[in-house]
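Worksheet: one structure, shown below.
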Amino acid sequence: MGMVGGGIGAFIGGVHRMAAALDGEIELVCGAFSSDPEKSKASGAQLGVSPERVYGSFEEMIKQEKKLRPEKRMQFVSIVTPNHVHFAPAKMALENGFHVICDKPLAFNLKEALTLEKVVQKTGMLFALTHNYTGYPMVKQARMMIRHGELGAIRKVLVEYPQGWLSTHVEASGQKQAAWRTDPTRSGIAGAMGDIGTHAENLAEYITGLKITELCADISTFVPGRLLDDDGNVLLHFENGAKGILHASQISAGEENNLNIRVYGEKGGLEWRQMEPNTLIVKWLDKPTQLYRTGGGQLYPEAQAHTRIPAGHPEGYLEAFANIYRNFALCIRARAEGKTPDPVYTDFPTVADGVRGMQFIESVIGSGKSAKKWIKI
Amino acid sequence: MGMVGGGIGAFIGGVHRMAAALDGEIELVCGAFSSDPEKSKASGAQLGVSPERVYGSFEEMIKQEKKLRPEKRMQFVSIVTPNHVHFAPAKMALENGFHVICDKPLAFNLKEALTLEKVVQKTGMLFALTHNYTGYPMVKQARMMIRHGELGAIRKVLVEYPQGWLSTHVEASGQKQAAWRTDPTRSGIAGAMGDIGTHAENLAEYITGLKITELCADISTFVPGRLLDDDGNVLLHFENGAKGILHASQISAGEENNLNIRVYGEKGGLEWRQMEPNTLIVKWLDKPTQLYRTGGGQLYPEAQAHTRIPAGHPEGYLEAFANIYRNFALCIRARAEGKTPDPVYTDFPTVADGVRGMQFIESVIGSGKSAKKWIKI
Amino acid sequence: MGMVGGGIGAFIGGVHRMAAALDGEIELVCGAFSSDPEKSKASGAQLGVSPERVYGSFEEMIKQEKKLRPEKRMQFVSIVTPNHVHFAPAKMALENGFHVICDKPLAFNLKEALTLEKVVQKTGMLFALTHNYTGYPMVKQARMMIRHGELGAIRKVLVEYPQGWLSTHVEASGQKQAAWRTDPTRSGIAGAMGDIGTHAENLAEYITGLKITELCADISTFVPGRLLDDDGNVLLHFENGAKGILHASQISAGEENNLNIRVYGEKGGLEWRQMEPNTLIVKWLDKPTQLYRTGGGQLYPEAQAHTRIPAGHPEGYLEAFANIYRNFALCIRARAEGKTPDPVYTDFPTVADGVRGMQFIESVIGSGKSAKKWIKI
Amino acid sequence: MGMVGGGIGAFIGGVHRMAAALDGEIELVCGAFSSDPEKSKASGAQLGVSPERVYGSFEEMIKQEKKLRPEKRMQFVSIVTPNHVHFAPAKMALENGFHVICDKPLAFNLKEALTLEKVVQKTGMLFALTHNYTGYPMVKQARMMIRHGELGAIRKVLVEYPQGWLSTHVEASGQKQAAWRTDPTRSGIAGAMGDIGTHAENLAEYITGLKITELCADISTFVPGRLLDDDGNVLLHFENGAKGILHASQISAGEENNLNIRVYGEKGGLEWRQMEPNTLIVKWLDKPTQLYRTGGGQLYPEAQAHTRIPAGHPEGYLEAFANIYRNFALCIRARAEGKTPDPVYTDFPTVADGVRGMQFIESVIGSGKSAKKWIKI
């Protein structure tokens, strides 16, 4: 694995590295950890990467690595930069024969996303997007229960992603994570709706297996001086007639990272909360509520396969993130060995999910500015 | 107390009676328990009401009771009939000098509600509406914390009222509670939005002290054959610029009576859930989350005054309902004795709350049918 | 109902009155509310009892009421005094033909308890003891699940009753509730173990249907100056070979009234917590955990019958307490009418439970002082 | 790192490897993964270890690795075998100049443990014992709050470790994990009390900073045919006069891995549950309960330092386990570089904790067989 971004002081780069390392199957062999070559070098040294494979730019990394013998060179690129630096390294990596795993949202805007989708199709390389929350075992269990019809036809979906860390104007204080996420030149047209709203959208569509067809959004910026949205409330229509609500917020003071979803069908409902991810609450019309648990003996194979330890030994955010990396790596290896990977392990978000997310961003921000009630997505 | 409605087989009538009885201060002395005189008689007998004061109609009850000596006759009327039989007994009782406590929503439509409001003003009688959820101590604590500015300016309000009991076409099976609630000739223009949506609206305005100024609603009827809405998702704007979401549903399969609210201000947020009503979760921007508890030593007097037993001895729905009755009775007694009641105990929902609820119903159902995004309330 | 004790400033007297009033079937007609006749009079006036039936002593009450015509006089006596004033009024009431409902523990010591048991047997009067926690619907559900073998043979029982309100020497400050409970001349040989330990013992035997046969206790007084125990940890052996732990404490700082029980059998376990009494958690060896809920549709008739309102409308401490009163009253009425009461409603703690509690107190305090490991109960 | 044990099919070996890998600082370079050389080879191949460094026995591994140049050879040995194969490899590794990290309990019996302690002292090598639950950030927060006197003097400690996986005679079915844990020739004199009881004992002493001085145990074997204890209830006395209860069970049907602890002091209490490890509940005598959270801004540096991701991104069992490995590795590196490690990172269980655990096992099993009430530890 070669990494683009994720130098000293970054947050998500470290997460990607731990997720990649957990199963002992992926090695960080090179990187362009910063657009500042000195900083990239320092970061590489700290991470134990051989100095000759710490590069000053992603262009250099891709070019130089390509020159190495296949068994020596990086097998894929991990892109962990802010949104405006997803497109260029992803496109160049793909076109030079490297698989890509990229942080979300896919790109700076929908146009870039659509272009990337074409590049992936054309090159045939593997592309994963780290909508990491779909890596949780109980999210997979929820998806399989719905797919197998256990809840009946879906009628209502409530998906929420409240955070509180942008309740004040922290970007003015130089907080690095806040700075780029609230900066339209680096983040794109959306703030909260891009950063976390897309996770909510992705989770809802992943679990229900249903596409959002139209939406009606109320988008706000509460903190004075902020340049992008920090809160949004959205009504949803799904393709099968189900209705829903999505809200995402970074000014819900006191909330940590409270992504959660509830889905109701004709026969029952389910509830999953990221902050207590090992329990899936299943409510029935005519039976007592059940608590399905990570590692429990009654799960679908798709859920079982993404657990590493026995029930009651809590798994968390990094393990779910690692599931995306592991499946991506297994698929790369299967392809290298000319094998068909076990379908239970081929499940990771792709460029199509990324395009979907960018469509959601454009629709939701557009709706927020529109007096029209319903906007198609 | 004289009761209109609440005969054998009714649900909410029994609740009103238990709520009234709990503190040993209110006695059921007469009633017109059913529009069917035989059934009224049977109900009265079962309830231990003297046969001569069991009436065949509310008109008869009001007329006959008025003839009794003041110290003997009922002091107020409790109306626990379906929505279409609120207006007439309430108006007649008020105009004949009886105070009235009435189940919600106030009336069959807004016009009736506005008329009743005028009658209350004109007669000067006391009028309580049983938006009983405001009777919970921790709801009062939430209101006082916000009123005292503990959360700072309010930015976001999420209020939900999911139930699942109408997930199937139960009204077709003769279930009495379902039958009238889904019948436009008895319930009015709204189903779920009137029955429980108004509770959510009332709770949000009560706790925040803020009025909803406009809304955007997505109103649905999921169960085939049903004549009124059984689900609604609503975006809210509040007078101070706060944004919100309200949803109410009777097809959220597996949900019992899950009214809950979350409010976020600049400094923190709070969360209250009716099904675990003795805990108020308060989340802070920069401090650990706190759990305020019914009966705990750190509450505002308004919360303390509505608790009957020590912390850790759970109080429930009936106790909260009883708080409405007790305050109503205390105010009646204070008036009879020419005293000013302790302000801590004067808090109960009034006809104004009822008018507000009917306005909400008209706006939300109107919005559901409109292609316009925002509708004023 | 005539009451002994429960005058102004008392706690449990008010609870008994609310519990008795809730269903509108029991009327407080007389009382000896205090051993101080003036205070008794003032209390009676405040409670709306006719002045001529407010008595200066329980002896006077029993004598005078007996002189009234049967249909006029009180039908039973409710004893809500401190422990040392249970025996005399109970005995006198029973021997004069009045049924008795008495607060727990049954008496000041085992000897009194055994005498009372004989008086009950001899007089044939009804006697209820307010081990009120057995009045909760989900406690009855737990009992019935075990009785029907759903958990298999019981192996382990954990019952806890932690409170924190005696963490400091509050009895020195004149706090009335603390004063008598920590006073050996009024409370008996036990403090916490008598006041709340007996509730835990009763709950464990009620739910499991198993008797404790021997125990090993570690009894402590943590607060300097206190005269009775304020904490106890006890190992338990049950008649069928099951093992268990009971602990009760009034110095568990920060705990409110956290009575709870867990029972494990060969096939599964269950857990009930008084502070969230409407949920019974049932854990299975090979199935997802289930949440049984008050008012839910899957309960045994014994649990269903002790619920007043639909699922999701929380019931609490007073409702459970009221179930004891209601069943006691139904049995009195059935006897008066020469009928056999519905067995579902005959369930309330009796004098035998009271004797059992006093045996527990003597054994547990004895064990605490003994170097011997196991003490028979 | 060189590993002893942990071949294909093992459970805890995989946990150690993931924990070691997470931070990208420890590399598995060699191993004697099984006492069966063929199986060791196969395991090594699967784990990507160079074939020439996959050894047929720990003796061979230690000898051969010692011959390699210092910068090439393994720096420490990780022992993940059943209890009866802890002592020999640990002793040999230490005496040959390798640091050791070893699974718990420390040894097969107390005698081995005391010998190992001397070897550690004599050789001066570093020794870590994976009482992994002390690696959780909120466990460290609990310890620091008590150490800083926030709860006042400690009065009561309740520590529990219920599991249900041995509710039936699974060892008869060939389940590998059950087989050795219930076999006295591999596990030692204790079953549940050794396997998980020692974790509970370690957690209680770690958090409170207090030693258990005497205990009174009720030890049981519920499952017919089982050779070792599967349940134990223990009364505890602590050095400062605090009282406590410890229970550990593997027949608590329906329980997963529910280690938890509650500690009460004069001013408040705290509660931590391994299955929801990111919340520390702190209850106060006179203030609302607080929820301290992993990653929150109000934690002691010792808690902060053992978190990898922001609050609300749940961390789990592997992250806590990894904290033991990381601290151990940091101390090895600091020693190699002649530096003093940051004291915040020197915290891991040592051979002394292991000796303590073996003393606990001997005392608790001894007490279980004794008619004497209190046994010194």
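Lettered A, B, C and D in written order, each chain numbered from 1.
As a convention for this text, contacts are C-beta pairs under 8 Å (C-beta built on N, C-alpha and C of every residue); 3 or more make two chains touch, one makes a residue touch a chain.
Fair warning: this is a prediction, and the values are worked out from it, not measured in the lab.
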Centroid comparison with chain D (C-alpha atoms), farthest chain: B
Chain pair with the higher count of C-beta pairs in contact (B-D, A-D): A-D
Approximate Å spacing (C-alpha centroids) for the pair chain C, chain D: 43
Centre distance in Å when chain A and chain D are each reduced to the mean of their C-alpha atoms: 34
Chain B and chain D, separation of their C-alpha mean positions in angstrom: 55
Contacts with 2+ other chains: residues of chain B: 255, 282, 289, 293
Touch list for chain D against partner chain A, complex: 11, 14-15, 17-18, 21-25, 28, 47-48, 163, 165, 255-258, 274-278, 293, 295, 308-319
Parts of chain A lying in touch with chain B, wherever the complex brings them together: 151-152, 155-156, 158, 162, 164, 167-168, 216, 218, 220, 222, 231, 233, 235, 237, 243-245, 247, 249, 251-255, 262, 264-269, 282-285, 289, 370-374
Residues on chain A engaged by chain C in the complex (per definition of touch): 282, 286-293, 296-298
